[in-house]
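Given below, in the form of structure tokens, are the structures.
You will see chain A twice below: alongside chain B first, and alongside chain C after that.
So, the complex of A and B:
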């Protein structure tokens, strides 16, 4: 009983001292609560479908940010990991009859191997050259998909996969909880020592190497981690849609993830996640205006990026929070002095 | 002032939210969801066909469902399936759960239709596929009837029959060439766009051309959007081909026809050229597409039965163009749905399906009868062949698209000849005759 009391007090203290002091953290908390409690207010299958797909794509977008945002390895072919995850999961489910809880992690491991296969030849490339090379990989895999239709289903893809769970509500909770967990893990990685090295590689790889850090290993690690998380999203997608088709590897899929990440703000993890939860439902909302739906969507993105070039969420965060010039701790924008070191926040 | 503007914006946003969030009003109407790529010609065909059907049915007072007379109400859903399969599935879920449609017509891209089919089956809604030709959609019905029985193919007949029809038309033209040019064997060149869907057709053609007593002289694969195909045309000319089997779905169909016409290549063009199915082909090729032949569904002046002309002419009058096959949403709604619902006296899918399975009915494109597979299982696929659906072979002759096949076509030895009303004889281009006739 005293243990429960201890943890309750600890949670309360953390909430009071660490979460409630910053509007950004409060917003994240509200987001967690909203997605977890949404079915209490509406269980519309259509709404839940949009939220399930938003959760899946949020993982996908955050995984791109981990690789391209944090490490600076500009990947324009991220659909490769998504597609490999989706196809591997589908193959394991259809031929080995593995249930989703087994096929999805194994599909993600296949995406990790793909990450290695792509990462090794790309190690010597940077910037535009790397971007263009990565763009080619999903197209190569798409060629393989069409070359062996007996295995991959060709243009039809692989259909008839098992359902993720028995009901839409459980699909929702599964994908939302996986999304919250996976994105929290990615955020934790980005803020760990490994994340600092990822940052440093993006800023100045030579300096990192001069510090005795094996950048090759870290870059490969970034490819594998990003591949793993994108593979999970691909696997979830395949089981939810009950089909893994060539569209999962299309160039448009690779570019969509870049749009989401840039819209939300790269090098944040939460930015791409938030962007997906705004843009994906927005596209659905615009169905009342079918002729101009895509145009209106594009205009929204252009306007945001025109006035908020760093992305929507970093812009909003900078409006409501300020960084202490001395200790670099973030404070609510209304404070005059830092909450930790009491330095003036002007 | 700023506060007023802000208030106005909030009110506008709330109005939009309400408009989009409100489900369709429940009324005495049959709600038909029309789903397709609405920003593309295929989706426009879906919508135009359904619109024409709804106007016609409602103009006659509606559908007699038991003791009630119900009007047709259409719900449009843009599937955006060429660009985004996920979007297509969302659109399908939305029209079923939010707009609460009674049944759905449409769909085009096979991958998207497979995913949409699953959603419609989850909700046990009748879904009439009006675009995708792949047999798998109907094979699913036979394999798992309990789940997939709500799916029916509306148009076109499946791709295996499509290929078969192409070869029959090729053999017909081959016989005419042999007779007209006095050649012992017809040499065939295949010119097909670089696209995945074409590959199985080429493989099939490689096997069938020798079986038809013709000689295959080469295969050329220009890009779908090529703006210059003179190298391919020169190579075809060099190969001595008498016939070019074309498989084009994109703009290369115009380029190839125009340049081959300009160079007066001594070979006839037969096969599929989607651009040549359109009314604007003559102008697009500046008249150089003369004598090009392609498969098609409808052609002004050609009648498969007494229903064809009223539909085609009505469509042209209403929309200013000849209908494409996706406009067969009209066919299903007018000739398929209404009589079945009136017979069943209900919209209950479980009662409608057995009636739809057993019905045989005339449509503007031919007679529809749903097939069974070799094991006698329901496929809900369209029967192809004499007396049923056959499609047409059309040729451009001096600025006009005319029907040339089926014209005295015998499906088998001893079978009766089939000729649709309005057919004219196939014409061999004069420069081809000049090049080969001794």
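So, the complex of A and C:
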């Protein structure tokens, strides 16, 4: 009993001292609660479907950020991991009759192997060369998909996968919880020592190598991690839509993920996730003017880039939080002094 | 068969060469990766369709009007959307993608997604060893060569060409030598978009118009540029013909080759990059820190 009391008090203290003091953290908490409690207010299948797809694409966008945002390895062919994940999950499910809980992780492993295959030749390239080379890989795979329609279904794709779960509500909870868990893991990786090395590789690779760190290994690791998470999202997508088609490998897929991530703000993990949850439902609800939808989307992106080039969420965060000049702890923008070291904030 | 491959390779190679050289120019001078490059090519094609089919203008004036309008459009887009974010490499990539998508949507609104076509400038064909060669194909090839020679003369013999080459070599030093960096970048953007528009103008009778026609040449154009080395015009030229002939060979020799032509071309690019990361004729840039 006292143990429960102890943990309750500890949770309360953490909430009060660490979460409630910063509006950014409160917003993340509110987001977690909202997506978990949403079915209590509305169970309309359409809304749940939009939210499920948003969660799947949120994982996808965050995995792009982990690779391209953190290590600076601009990947313009991220649809490769998504598509390979979706197609391998579909093949495993249709031919080996594996249930979703086995086929999705195995599909993600196939995406990891793809990550290695792509990562090794790309290690020597940097910057724009890398961006343009990675763009080529999904197109190569797409050509192969069209060339062997007996295995891959060609234009039509592979359909008839088993359902993710029995009902729409359980689909929702499964994808949302996977999304929250996977994104938290990615955020944790990004803030660990590995994440710091990823940051450093983006900033100055030569200096990192000079410090005795094997940058090759870390870059490959970033490719594999990112491929794994993108593969999970691809597998979820295949099982949710019950089809794995060529659209998962298209150029527009690779471009869309980059647009989401940059809109939300790269090198943050939470930025791409938030961006998907804003942009994807917005695009769905703008169906009243279908012919202006994509145009509006493109124009919003251009305006965002002009006025806040570092992305929407870092921009908002800087408005509501300031960094203490002395101890680098973040504070609410309304405070006059730092909450830890009491240094005056400008 | 052999002649088929040569004709098809020369035509697509010349088209890729024009697109890739324009793309390479603006990258070399301003370090801008302009994804919207082929979108300008698409717009030029639509302009010609609009002038010849809807307004009844003759094909030659329509070509000139299309090139002028698209160049102007490119300069406006550069001035308002690309120049303010030029220093953020990732932002430029996204911005130009958004620009291309916006143009595609506008064309979709005006002309719908239907497949359209424009009649050839010159009708008829002659046979050479059993292969039909259309006069339009010869015309396209000739126009491409003329423009390439004019561009080479411009780059090598004029003051603007000198400034452009200086900027490509080293931006900071060029600035120190009193070259107005902004103005040269603007002029290069004009030339680059103009080349894209010209490509659209000469290729339009040979292809089918639809608002998504910018995606496919975009990929091959990027492969050409990377293969030849970013910013190297000679590399783009040779790379374009390598990939053009590869595509033709794959289409004619391999069953179901039409699906695989992109894959094979891109695989060649990747193979070359593994052996030589800076492309065939690229210069390994000293790392900017």
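Of note:
Operating definition for what follows: the second predicted complex is superposed on the first by the 346 of 346 C-alpha atoms of A that agree within 3 Å, B and C clash if a C-alpha of one lies under 4 Å from a C-alpha of the other, contacts with A are read in each partner's own complex, and residues count from 1 in each chain.
Going forward, a contact is a pair of C-beta atoms (placed from the backbone, for glycine too) under 8 Å apart; a residue touches a chain by one contact, two chains touch by 3 or more.
As the structure is a computational prediction, the values presented were derived from the model and not from experiment.
Partners chain B and chain C clash in the overlay (superposition on chain A). Within the superposed three-chain model, A:291 lies in touch with chain B and with chain C [touch as defined at top]. Look at A:267: by the touch rule set out above, it reaches neither chain B nor chain C. After overlaying the two complexes on the shared chain, residue contacts for A:245 are found with chain B alone; chain C is out of touch.
Set side by side, chain B and chain C differ in how many residues of chain A they touch, and the one touching more is C.
In the superposed pair of complexes, A:108 makes contact with neither chain B nor chain C.
When the shared chain is aligned, chain B and chain C each come close enough to touch A:146.
Of the two partner chains, neither chain B nor chain C is touched by A:179.
Residue contacts after overlaying the shared chain place A:283 against chain B, while chain C stays out of touching range. The superposed model places chain C right into chain B at 222-230; the other stretches listed in 6-14, 150-158 or 222-230 stay free of clashes.
Residues 146, 252, 291, 294 of chain A lie in contact with chain B in one complex and with chain C in the other. Of all residues in chain B, those touching chain A in their complex are 16, 19-20, 38-39, 76-78, 80, 83-87, 89-91, 93-94, 97-98, 110-112, 114-115, 118, 134, 136, 196-197, 199. Chain C meets chain A in the complex at residues 27, 33, 81, 84-85, 88-91, 93-95, 97-99, 101-102, 104-106, 108-109, 215, 218-219, 222-223, 225-226, 230, 256, 259-264, 266-267, 269-270, 273-274, 277-279, 287, 289. On the side of chain A, the complex with chain B involves touching residues 44-46, 49-50, 53, 146, 154-157, 159, 241-243, 245-247, 252, 283-285, 287-288, 290-291, 293-294. Residues 74, 76, 121, 124-125, 127-129, 131-133, 135-137, 139-140, 142-144, 146-147, 204, 206, 251-252, 255, 258-259, 262, 266, 291-292, 294-295, 297-299, 301-302, 305-306, 309 of chain A are the ones touching chain C in the complex.
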